[in-house]
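What follows is chain A paired twice: with chain B in the first complex and chain C in the second.
Then we have the complex of A and B:
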């Protein structure tokens, strides 16, 4: 194991985090908030520590193998969150360490669950830091899911990325760098576009920047306690819907669309099902709201579409509290907790591709039963899917449900109400944000006991890193050689 | 499609049902209940209709292929339930057709959910008919899961049954008959043994017979409104625990044990995990009850063991209402709703073998990730499991969860309380009996709207027939040729 390179990469990333803190410092100075000192100290710590590590390790061989990769990826989010909570603590915005860590990891994992009960009272620097933590988390996920994981052969991501080479663990850096740059370019373009549109639609510049950051990351942190419900403007809500959908789409597809290869986008099966799921759930909830509430038609449509898109993409913004809807409607929303965005998007959860592969495999099994001698492979985008990928997806799904079930049981010791416990666990594991019951869209996570917050923080990390990346570290065979 | 043979088999089974009704008539006459006339009429209808069909179809070719098999299996439980509810309706014990059908299919599918609110007021014939309907259902399941399904190659059942030949769809009858006879022999021996032991332990003969019938079927109908809690005798409760465990064990293993091949039984992986799951859940709940209640040690142990065994085997008897326990404890019980008995037992649910295969596959996937070039198949009972079986188990699991989730959402229209909805759906699909909330162990299903009862009845059937047997009928390729 090349521990030194792990150390070096983490040092480099701490430095990057320090630079992001400088941006927050700039905002803080601009608005003359009380948080400037906090950002000077925090960025000072990050930049000097990161810089020192980089200098100390400059002669280290740049070999990052499979083992090092797993450890780096798992550690990045933890280290980022440990240092990222400094501004909250030092400024006094969130004085308690557990709460500050929870808020930070909820940011970097693009979850969006919050402990804040009076967001509007916070200085601009802190609000900006919350938003940029999600934006950075989103960047991390894009490079992880589309550049690093396919090289490691994890999660069936290689399936729709014919461009990505097979596992060549010893020299992955150049390839990753190139892919990452392209995708980050798109991420940046979309973010800027959303800022402009929100601003044109009437949102203030600061709010537009923060919300664009957290939309593209499918994060869901808002600068307002009421989330997007703060703006009653349909235009603003529709703009955010569009960008949530984009953020939940595979960024490789967006890249193709930008290059004009629309045919490939439209043919993409995951994209088709993603849109289909959104349409079906929206239609059913829309009809349900029309029947069971006094909302006007357009508002009922917008409320259903917004909430469906927000949850399926795992963003977590709210324009309505689904818990005030009829049980069947919020049960529909809760079932969306187990979908998640497309693979290769910033969305979390199980992911549309996995759901579709599993549903297809189940459906094909019925055919196999009628024709037991025939070999009927699962097809995806007109290609037969290797049984290895099906097995991998199965393993993922089983882990996901086992972890969900076991964690819900454990969490019901802390939150002795089945709905709240299941909601908190599902929303953390799926990196969504709001849950059910005591942690619904109109509530916060502040009342949860410290041990519960640490538990949920771990689930956010686990979910964000596609389970395997973390779980593999607990596998004896990982450490054996 | 050989429709005539389907007709003939159903006629034969109606005749068998008529004979079972004669037994109930005998009990009714013995105790001089008001239900004698009902049994005379019902058995008359069944025997004459069944007899007529048998006579009319006596020249039909006895070829039962794959297609005919699926249809027969799915129809048997429906036809049995349609005619089996006659005694309830005619006697006036359950005058309403929907309620009577629900009670009957809950019996034949060995579920045990009931609409009865004053069981003790019913005549003996009716009580006996309830119990024997479960016992017959259990017989049906044994022959289905150990003789018919393996021949069809369904559900990975062939995995641990090396004795069973591969799919030879055209002449399956002789083989089935032989296997069925052996297994029914064991079923009968266990039933008689339990009757004797319960009687020795102080239960009345009639109650002993009825409870032995419903224990061995993992059915859970009781002759008392309070279920087994009616008998405070620890001996009676422990006897029932032992026989529930036996009923939830693969009957092929019991056959081997009877033949003295204990080594094979002890080595069996499914059996090991089955016992392990029971021990772990019992231990945790036992400790939980000691900490959170004022129960004495032995009673806390017995209550936890009984409830765990009752739910994991999908029997559904109760000696305590787990809903009165701490949330974490009843969440543990609820997670057992998704385990189920061993494959080849009378238990329903997902089944231990599938759970173990899925967990193993997930665990092995972590190893595959560390060693991507190595081929690491899942092993079960020291044999590599064919990837076809893993895919089949995956398909089953996915269907199970998709049906559970979709049905819970739909059912929350009828029962607008998330816990009750999920509980009712999970208990019906898993053929357990009691659920959560409004359908907990101390409640009945009588208050559920008729449409809800039909919905749950369908779920019972679906779960009982291992999903595929029913779902395949909805597959276009089934009807294409």
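Then we have the complex of A and C:
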């Protein structure tokens, strides 16, 4: 195991985080908040520590193997969160370490669960740091570093595979660096487009920037306590719906759409199912809301569409509290916790592709029972899917639900009621944000016991790296060389 | 440079791995997703699952913007067709792997060029050439001639009786100016030596020298060249046939081959060869056919294990020259330590041959040193190249590489620290894979 290269990469990434903190410092100076010193100190710590590590490890062999890749990627998110919570603690915005860490990792993993009970009172620098932490985490810290830093060489591949696992490999260009650059390019274009549109629709520039960051990352942090419900303007809500859908779409498809190859986009099976799921759930909930409440038609449609898109893409914004709906409706929302965005998007969760592959495989199993001798491959986008991939997806599913079940049991020891426990676990594992019961859309996570917060933080990391990258570190065969 | 490779077989993947590690953009197309899946996890490249001769699939690889298209699928027709299609789709240069020497004839080259097939590679023929070279040059593991033998590269395994052992190279340099050690393969590792290094028993040493000093190298390593007369080929594969063809009439050749059709084919084509129908693993048969009386044994059955065993047996029976074709790359290192003489791997040969097309500098020869990962290049020095500006010792030449010698006009010289390289010289350079990129800028 080449531990030195692990250090070197972490050093570079700390440096990147320090630069991101400088951006927040700039905002805080612009608005003259009390948080400027906090950003000066924390970016100073990051830049000097990162710089020192980089200098000390200059002569390290640059080869990163599979093992190092998994360790680096898992560690990066932890280290990023440890150093990323400095501004909260130093400025006094979130003085408690556990809370600050929870807020930070919830940011970087684009979960969006918050411990803040009075967001509006915070200075602009801190609010901006919350948003940019999600934006960095959304497309992936490693992917960003691959795009802008020249350090990784061949090893970049291993890191990319560990951070962007997905069921099938998806490449835009032959070089991993070029792929990373393209992905970040599209991400940036969408973010800027959303900022402009939100601003035109009447949102303040600062709010528009922060919300665009957290929408494109499918994060869900808001600069307002009431989340998007703060703005009653339908235009703003529809704009955010559109960009949540874009963020939950495979970025390779967006790339093709930008290049004008719409035929490929429309033919894409995952995209079709993604839109189909959104439509079905919206329709059912829309009808349910019409029947069970006194909302106007447009309002009911918008509320159902917004909530469905927000949860399926794992963003976690809210314009309505689904817990006040009829139980059948919020159970429908809860089932969406287990969908997630498309593969290759910034969305978390199980991912549409895996769901579709599993449904197909299970359905074909019935046909296989009728025709025992038949060869019936699972087809996706008109090509047969390798059985290795199916096995991998099955294993993922098994792990996901085993972890969900076990964690719910453990969590119900920490928190008394089962509904809240299941909600908190599912939302953390799926990187969504709001849960059920006492962690619903209008609640925060501040009242959860410290041990519970650490536990949820771990689940967020597991979910963000799609289980395997982190789980593999716990398997004895990984360490036995 | 953007390179599209068709065929994820051993040549294709070897090339892809090599080129990708040198910052070329590689797209690999093959119709087997499993093969692609395997390499996708290890190498930084893009894979496309599809047929090498489908316009649709070829377009997917972004061929129009590619600089080089290499078709190395197992089938010749397919490679030729794929290259032709690739040219049509706009790739700058194409290379097709062929199995037929007819295509190599100069009078057909222009026709193929018109079809959009620019370069041809025939791995079996290249391997046969190596085999013939090592039969003719006994005593060495590998012999490469530069500019018709003006400089020679000799790879020799040194044993405990060699007088050169434990002598630092500085001293050797003083005694024999025209001999230079450029690379050592020691326990599977390749070393580019400096003046204070010395040889130990069991090293495979690569010398550069001139034709005149060749004898001196044999003295230093206590090797006695001998005349080869009787040769036995185990397996009548295409490589064997090519080698027999190139060897000509002055040898007594026996071929042992299992398949009766192949036996008839070989016997029909080559009158000077005695063809025996039988299994190459049948020791009694081999002994009956006088294996121990042979001067050289060449094992080129399609099976690497059989080849290794056959050569091992021949060695133990006292055959002095054995050459085994080992296609399984994983066996190469193992075979090297088994004392079975020279090893030929047509994939590595083919990959080195193709490799030069991806370099910007003018190169007249690329070879890979068997049993090591080092490569040897023959560069043609252009005007104003960086290498012409200073004597060698002041150039800041990379540690992973070493200049062996230069060929100026009709003479070959061994390079010393004070040698000044001039425009038009041919320079023989050895390098580990990590040094190749650095070399390029010296010769641009």
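One rule holds in what follows: the second predicted complex is superposed on the first by the 447 of 481 C-alpha atoms of A that agree within 3 Å, B and C clash if a C-alpha of one lies under 4 Å from a C-alpha of the other, contacts with A are read in each partner's own complex, and residues count from 1 in each chain.
The criterion applied here is as follows: contacts are C-beta pairs under 8 Å (C-beta built on N, C-alpha and C of every residue); 3 or more make two chains touch, one makes a residue touch a chain.
Only a predicted model underlies this, so the values are computations on that prediction, with no experimental measurement involved.
Student: Name the contact category of A:263: first (chain B only), second (chain C only), both, or neither.
Tutor: neither
Student: Answer with first, second, both or neither: which of chain B and chain C does A:416 touch in the superposed model?
Tutor: In the superposed model, A:416 contacts chain B only, not chain C.
Student: Who does A:386 touch here: chain B (first), chain C (second), both, or neither?
Tutor: Touch partner of A:386: chain C, not chain B.
Student: Of the partners chain B and chain C, which touch A:359 in the superposed model: first, second, both, neither?
Tutor: first
Student: Counting only touches as set out at the top, which of chain B and chain C does A:55 meet: first, second, both, neither?
Tutor: Neither partner.
Student: Comparing chain B against chain C, which has contacts with more of the residues in chain A?
Tutor: Of chain B and chain C, the partner in contact with more residues of chain A is B.
Student: Would you tell me the residues on chain A in contact with chain B in one complex that are also in contact with chain C in the other?
Tutor: 154
Student: Which residues of chain B touch chain A once you look at their complex with the stated criterion?
Tutor: 66-67, 152-154, 167, 326-328, 331-332, 334-335, 338, 358-359, 361-372, 387, 390-392, 394-399, 401-402, 405-406, 408-410, 412-413, 416-419, 421, 436, 468, 471-472, 474-475, 477-478
Student: So in the complex, the part of chain C that touches chain A is made up of which residues?
Tutor: Residues of chain C touching chain A: 2, 20-21, 25-27, 33-34, 37, 40-47, 49.
Student: With touch defined as at the start, can you tell me which chain A residues reach chain C in the complex?
Tutor: Residues of chain A touching chain C: 154, 156-157, 161, 169, 171, 173-176, 178, 383, 386, 388.
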